[in-house]
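Should a chain be cited, it is by its letter among A, B and C, assigned in written order, with residues numbered from 1 in that chain.
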């Protein structure tokens, strides 16, 4: 039971990272129906941007006192901004022209972008994992039989806060309304005077910025980063988005935490589970797509007459 | 004698929406029958039910006295029901000839291995099917368009190509979904003549159409649908003068002639 | 008709190419050509799935793995089973085809992009499974050595030439079968499904079996490639079958022209040539000029750039099929059509969502 609770906490913090990445997948899919395959790599790019900023600030270990807040804010915002702009750039260069092309064309382009980004990161920081300063002190909180690291709490809280902020943005602001309108019917939205290009660019900006935040957090959490991280993390986050119901913000969050939990539990309870986690997660993806393609929170649309 | 097609008390709901309710009618072999009704009356849904795109929520659909409820679309096509679509669904980037040859699919025997190895049997069949497809294009007045991409044909020709493609399967029953939509008067009168020739070749025709002139002219019986329910049925003259039809479908005016 | 005219030209390369080892005695050249041949075989197989049937399979390397591991397990000391190479070509292509059906079946109800991701998932699961089942596969170490094929009592040994000839024969077979398929009942059914799945069903086409046939045939080609490749290398290991292999083969199709057999061959060979020859040679050249450049590091960048640039500027490929060219070009010019097609995909939760009205 203790082990179970401990894995619950571990799974949730792992899931927090997936959830942050999944938000970007779900937003982009919601608005242009594209599986933005390069999104996982934007997340990795976020960790590299953050690392570059930290190096620039001369940070190589834990930071204490008021400086901590400053360092974290500067790094996160910089990573979010750089990733956001990268996302916008990718959309402009690789996807926009293909909006009316046969449906699989932009997906193929997205895979191409993913390979390009991975190669760029490999050339930038080398083919081996790179260590990442721990930055945030990690006192352990003993809650009965389980240990919770401060970083774990940070991951979970950040993910939840980001999700609520995003929900507020999408449902309470003009821009959010424009995004929802564009997602529902692009042509009608255009007729209503919504600038489709800007709205889609904004979606990429926000989604990619969230991935940037996730990149920083995962760097701090794991103490390492690697150019190829985004491939697997991206697939798992996509699985999370599908599990929760693609296009659904709360669903992405729920799916993220669930995938984190599934992974943590599989590692613990399947013999040699660590080797099989990917197989388990992909099996979840396959099963969800086959039996409930609308996901847990997605509405299953009635067939169009 | 068993009718060719019989719908018995068919009901179809989508969520809470009742698209078709308590619908029963029969079509005798060799007839030209029409279904009319205002937009949204559920006409296309009836076609989709007959061709197995949807399964009825309740009720029965029989072809030649055997139920076809629950069968897959391709199986129903194989049993002899072919159709055209309201919004033309040709294979846009295949030639007119290939479209018609594809329509022949369910009548062809070539197996996976025949296709892989081009056995003599396969080659003979391909040749016969190609000839038959050319005949059908000629029958529908499209012999000169055989090698054009379907999407490059004029609108009226595309509608005819859909008919040729449907006929390729040698159906017992041909469903035409608004075949005259978008046609000019000249093309419409050609279409009437084509529909008669199709019937004379032994195919029963069941059409949905908004053009009253065409419907009254070509069909022998008419079923009227409103809000998913049958409100009238009978000979064109009778339907034309039916109070409920005039009220529900045509408003207070007399039908256009 | 068209194929009747092309056929003499199609035969010509297969008369000339077997003579290459007589003219070029450099074993490394023949070795390179043989490897390139394996990838041509893979590309021809994937072309059936993606090019003919329009199913974007992102996990195609899984079947290559299954073919290779079949040979490794049934023709080596691993279990002491020694089935002859020639029999294994047949056996492995059947095994791969069966897995093509098993892994293809669950994806059939999915929309195009979901299908792509699920196949990608399978593409990850298969090599991972080979990696994890250490007691049967030696895990990361792989299985080696494998039985050397022999013909009339002569073992193939270490020369690349016999493998080269075998590879050519397999490619010739694959080209013949793929060409036949294209102009057949099944080939037309695939085209129809790609164009309009719902209409295809109304033609009496059983879309399920037609798609499974595409998966099975596509997989069987890579089963052949797997056996020949594994035998030549005398080794299999799980890292030979990662996602980048699937993407490499897809890039070959995109470069050459999806749906066009000769385009796919040219695309495949071009990429193999760049990968196996141009990049290493340029690196050597750079080193000889004391430049510290390793062009082989840019390999994945190259695949990425090909995928992006081709899709943006020449989606039909360098040597397109007539039909694909029209699809890409004209669909682009006609936003209404594109929008309609897109709508049809997006509105329903599953395929065949509606017929309008």
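Definition applied: a residue touches a chain if its C-beta (ideal position, glycine included) is under 8 Å from a C-beta of that chain, and two chains touch if they have at least 3 such contacts.
Keep in mind that what you see is a predicted model, and the values were worked out from it rather than measured.
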| item | value |
| --- | --- |
| Dominant interface by contact count, named by its two chains | A-C |
| Centrality ranking, top chain (CA atoms only) | C |
| Centroid-based (C-alpha) most distant chain relative to chain A | B |
| Separation of mean Cα positions, chain B and chain A [Å, integer] | 49 |
| Between chain B and chain C, centroid-to-centroid distance (C-alpha), Å | 41 |
| Whole-Å gap between the CA centroids of chain A and chain C | 32 |
| Sequence positions of chain B contacting 2 or more other chains | 44-45, 48 |
| Residue numbers of chain A (touch at least two other chains) | 303, 305 |
| Of all residues in chain C, the ones touching two or more other chains | 327, 354, 357 |
| Residues of chain C touching chain A in the complex | 54, 56, 58, 106-107, 109-114, 116-118, 120-122, 124-125, 128-129, 131-132, 243-244, 247, 250, 254, 297-301, 303-308, 311-312, 315, 327-328, 331-332, 335, 338-339, 341-342, 345-350, 353-354, 357 |
| Chain C-facing residues of chain B, complex | 43-45, 47-48, 51, 53, 72-75, 77-78, 82-83, 85-87, 89-94, 98, 101-103, 105-108, 110, 112, 114-118, 122, 125-126, 149, 151, 165, 169, 177 |
| In the complex with chain B, residue positions of chain C that touch it | 177, 180-181, 183-189, 191-192, 195-196, 198-207, 213, 217, 323, 326-327, 330, 337, 352, 354-357 |
| In the complex with chain C, residue positions of chain A that touch it | 33-35, 93-94, 97-98, 100-109, 111-120, 122-123, 187, 231, 235, 238, 242, 272, 275-276, 278-279, 282-283, 285-286, 289-290, 293-294, 300-301, 303-305 |
